[in-house]
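What follows is a pair of complexes built around subunit A, which joins subunit B in one and subunit C in the other.
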Partner chain A sequence: MTTTPEQNQYDLELKGITKHFGSFMAVGNLSLSVERGQFVCLLGPSGCGKTTTLRIIAGLEEPEKGEVWIDGRRVDDDPPWVRDFAMMFQDFALFPHMTIRKQVAFGLEMLKRPKEEIRRRVDETLATFEIGALADRKPDTLSGGQQQRVALARALITQPRLLLLDEPIGSLDFSLREAVMLELKDVQRRLGISFIWVTHDQNEAFSLGDLVVVMNHARIEQVGPPEAIAERPRTRFVAEFIQGNNVFEGTVESVENGNARIGTPSGSFDVPVEDAPLLAPGAVVTFSVRADILSTRPQAEHVNRLEATCNAVEYLGAIRRYDLQLEDGRSLKYEQFRSAAARIKEGERVSIGWRVEDGVLHASPSAPSDEHRA
Partner chain B sequence: MHWRTRQKAAKIILGGITFFFLIFQWFPLFTMGVLSFTGPDDGTTFPMRSLSLHWYREFLRDSFVDDFKPPMYRSLVLAVICSVTTAGLALAAAQAMRSRFAGSDLFFYLILLGIMAPGILVGLGMAVVARVLGIPLAWYSTTLAVHLVWTLPFGLLLLLAAFNRFDRELEEAALTLGANRWSAFWRITFPLVLPGVIGAALFGFTLSYDEFARSLFATGSEQTLPLIIFAQFDRQLQPTLYAIGTTTTVISLGMVGLFALLFRIVRRRAQTTSPGVN
Partner chain C sequence: MPPHQHHRMSTVRERASVSYLLALPATLWMIGGLIVPILFIVWVSFWTTREFALDNPLSLTHYIKLFDKPVYLKLVGHTVLQTMVLMGITLVLGYCMAYFIVGKVQRDGRKYLLIFLLIIPFWTSALIRTIAWIPFLGVNGVINQSLIFLGLIDEPIGIFLYSRTGITLAQVSFYTLMATGPVVYVMRNIPPSVLQAAQCLKASPFHVFWRITVPLTLPGILIGQLLVFLNVMADFATAAAIGGNKFAYLGNLVLLLYDSGQLPFASVIAVVMMVCMLAGVAMMLKVVDIRRLGAL
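For the complex of A and B:
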């Protein structure tokens, strides 16, 4: 994506951030730009560096290298308390000795606003987040959902450009999560500020993020809108981390007309080359095909074919997932909407096919891209 | 034996041991308390032929008060100074140790040595050093110093325990809300470890108030209460001493009660809803 050199175009920019804990690299040369008012989800397994990245933005960790820019201002030499952002912690980190009114006023008191203004703005904020009735209570008497609202009110009262959220619904009851997610998304849209939301849950990332940043081993694997991540996983890691992909590994046999023929233990398949025009025969590569794009009644256009036996059927909410066994013993996932008629029974043999353009060739792991533009 | 019977037997035996231990702990003090009410013609031991407040009157007599009042005053003032100083230093030391500064382990063990070192030798050492340096011995300087060496480790241990229960994320939350380190400490950290600070102050007070061994050589001519009581034994043994002992014990218990009350108030304020609000 192209950028124009306009002032304050970004709520957040990270440039070449690197951070080690001892010899463990937590964040490696990470760059990311967040345009105004974007909902960004940092998605990855635990230990991938997403929380460390968040803490570096906040100033709670110091990177060895790199720059942090918030709202057009370089802040990596500033302590946390002068940076213009707010943060929500996983367990909300409410102050146990303060009433809700006191907690919410805290940010404004630190800014040394006049008493009258603080009282007015606290009243407004308590009303906005519908926690006015809790004003004189202390956090330990509140439910998880109420605590979450208080934490949000406390964070947003100073009207920051940027809200950092560290697994903000991870400690809520499962039944509450969806409602809270919608509420937070609504708050973000209304205020027009950027959210940086750390999660290991791809459903959260996909349903909330304007932009999803998939991280692994201290690096960014892929940045893009949810559909792009789901449909065109850039690396093998992304394809495997995001559920619903079938990953094949094989050797390039030939490259013709923009397609590579890739020999795998399960057969040879044609995959579009796209961004890797220099791919040469003999190279070991991986590619993936989404489980819900496979066809069980292959037509002429479904050039890539496989024979399989159905092992098991799983029901996952709105989808039905079939575990198919290929002739070489490997397994293949096939997904169907549950509303569609069940086509395959356990033990049944099926023909599977997919079009050339359904395959996604992965970038080789030795060539990580370091620059990501939102 | 059935396991329930064994369990019952164990309860009775352990309960009995605990009971006898408590008697063993408190009986000497109790005996002293009883004997302080003995009659004017009785000696310092049983049997008690009559009950009276004679020895309390004796203890409050002018000449006696003149002897005991100044040391009692000194001991109280010393204990209060020691209490405040212990709480302050222990808080600072525990806060510093959270950052695991270079040598913090060594620092911890060196402070802890104050508990291990034999008190009478610490006092003697202080006296020698003071003489070499030309510092006059006094209850408010040299004695205070040796008392602090004794009380600080207790305070530090208490505050380390308090910080151990403290959630560091609360401080970080304060920093992200615009509080600098100073504000975050006084607005968030301090109120939440205050029960530990009060505990450290209590140790500082009670350990100093009745300290004898460390005071013995370090104090000089203006003596503290435990020293003057001991000197009294040398001259003559009279039930007056029991009256004095009982009085000071009551003062000590009163202080413990006061601190306990303070502790409860602070704890309640820190953790639950204020009363009357729902």
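For the complex of A and C:
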């Protein structure tokens, strides 16, 4: 592909978006850039501002501050029907009075395409999404899965640069979700457009997203590929929200050779400081260690050590999760593959260890987040 | 909703004989208070004499009289025309009010306040509401005084009271709410996401209104228009009070004939009105399925 200087590199850019509902801050100074053809997941608990962010991109909400750029064009003064995007709603928002054929044609009719072209493209789209057999039916006679396909077909027929999806599989039966996720990912790759997918389900975000944006309290906590979010949680919130992390809080005792020694109620541990060179003794900090990186047979390199007793065992498909109790009463999660031989029984005492570099020091909660460039 | 799921309203089993008993009082009431009198009216309309007698000879005499005399047919025409005018005005006014209340008033509290304000006049009887219009419409009434005060006219004009304009003004004030209510109800049931989805599919507000809002509120529009239709057709009090004795509709004719003891002919007019109304209801039901109103 040749790239000309005029050609825009981003499908979407948000710059310093702020939005309040009354005194409640829904989105606070949020900036995000989405390169061409990326699958972006906005992940966070309910009320974190992810849906409001999506609606601001769509123009359904007006931010007080900030800029919205879609495909290199500033659109924050444009109403939704002028912006170049499509949207899928959580309840699919199909038009109750229109047949499936009419729904799918709606976007093209609004763009005033010639009748002949509309007919041809609707037929193609109905075939692509395998909903041709439903063409003359009304939405209320369709199953959830069928409605979802119709909503997708209706959104994509106008060939937008950007598709916004608000919890698009949240209302589907659990058994359907996996297949629909794979299909949506496939559609996104094939069309090469960007998807902005809002979800509170980290499994969805991690299996779909090229880029995961973790949000909390109106702000972005961390942006990165799924591996980075899972392995290097930037803040305490991310570490706790993403399952499988053990979070420790403590006071910095000393900083030497790029490592901080942090005293916690469960003991003192060495953690690399990396991005926080100004860390001073006495500072209260948090860090996390992944539950699946712990060792139950500590070697010399596992300098951080703990003694624990096994409380309970959970079987989660491919992995086995142990709930361990530390000597100070706190609990610690430990995960191993089902195939691992070294099983621990309930009530058994184990030694736990991890390497210095396995610990991840968190940015302090009040630290302003850096600009998020994706 | 899949067809096999039924809402269970009570613990009474469907088709249990006790459930028929529950419907019995209302059924008896309807038969005694509605069906029998209607059949009686139909029967009377075929009488040839004015006196009650079981062996009264039946004939079409009075029906022929109705269709024979232009004055009666003109009255039918006036009644239908007045009904159409009212339906037109209340449709536009009522829909605008509903759209404003549901679509533009943001806070629920204000919505309820507005609906409440609309209902307040209906706390008084129809007769009082009608009579209350007279001081407004008269030669020295509020409307004339206001127009003079505003300098729009120099001396009172007599077009308001004892005129079709006056009757129409009063009827619009009585019946607009009937056109508004069902639209408010149906419009409130439209999920906001449906309208937003249309916007996201590049529909301008104009197209959202004509392609989505209007079709989805059509059941409410038709129900409201049906209520207006039935009420204006049957309204004689407004014409009597505000029209003086200068204007009459079918309802006034029934009253007039009844007062002068012409029961069979009064019954003929009643039957004709009933047929008009039933035809109107049948037409509406063809377009909108009332049973599905709540399922939007």
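The rule is short, and it goes like this: the second predicted complex is superposed on the first by the 365 of 374 C-alpha atoms of A that agree within 3 Å, B and C clash if a C-alpha of one lies under 4 Å from a C-alpha of the other, contacts with A are read in each partner's own complex, and residues count from 1 in each chain.
One rule holds in what follows: contacts are C-beta pairs under 8 Å (C-beta built on N, C-alpha and C of every residue); 3 or more make two chains touch, one makes a residue touch a chain.
Keep in mind it's a predicted model, so treat the numbers as computed, not measured.
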Query: When the two structures are laid over each other on subunit A, do subunit B and subunit C clash or fit?
result: clash
- prompt: Now for A:Ala93: first (subunit B), second (subunit C), both, or neither, which partner does it touch?
  reply: both
Message: Output check: A:Phe174 vs subunit B and subunit C. Expected answer is one of first, second, both, neither. What do you get?
response: neither
Query: Between subunit B (first) and subunit C (second), which, if any, makes contact with A:Lys138: first, second, both or neither?
result: first
Subunit B versus subunit C as contact partner of A:Tyr315, first or second or both or neither: neither
Message: Just checking: does A:Arg154 make contact with subunit B only, subunit C only, both, or neither of them? Give me first, second, both or neither.
response: both
Statement: subunit A contact set shared between subunit B and subunit C covers 58-60, 79-82, 85-87, 89, 91, 93-97, 106-107, 110-111, 140, 154-155, 158
Query: Of all residues in subunit A, which touch subunit B in the complex?
result: 58-60, 79-82, 85-87, 89, 91, 93-97, 99, 106-107, 110-111, 136-138, 140-141, 154-155, 158, 164
- prompt: What residues on subunit B touch subunit A, complex-wise?
  reply: 167, 169-170, 172-180, 183, 187-188, 191-192, 269-274, 277-278
Message: Show me the residue ranges of subunit A that touch subunit C in the complex, using the header's touch definition.
response: 58-60, 79-82, 85-87, 89-91, 93-97, 106-107, 110-111, 140, 154-155, 158
Query: Inside the complex, what are the residues of subunit C that reach subunit A?
result: 191, 193-194, 196-204, 207, 211-212, 215-216, 295-296
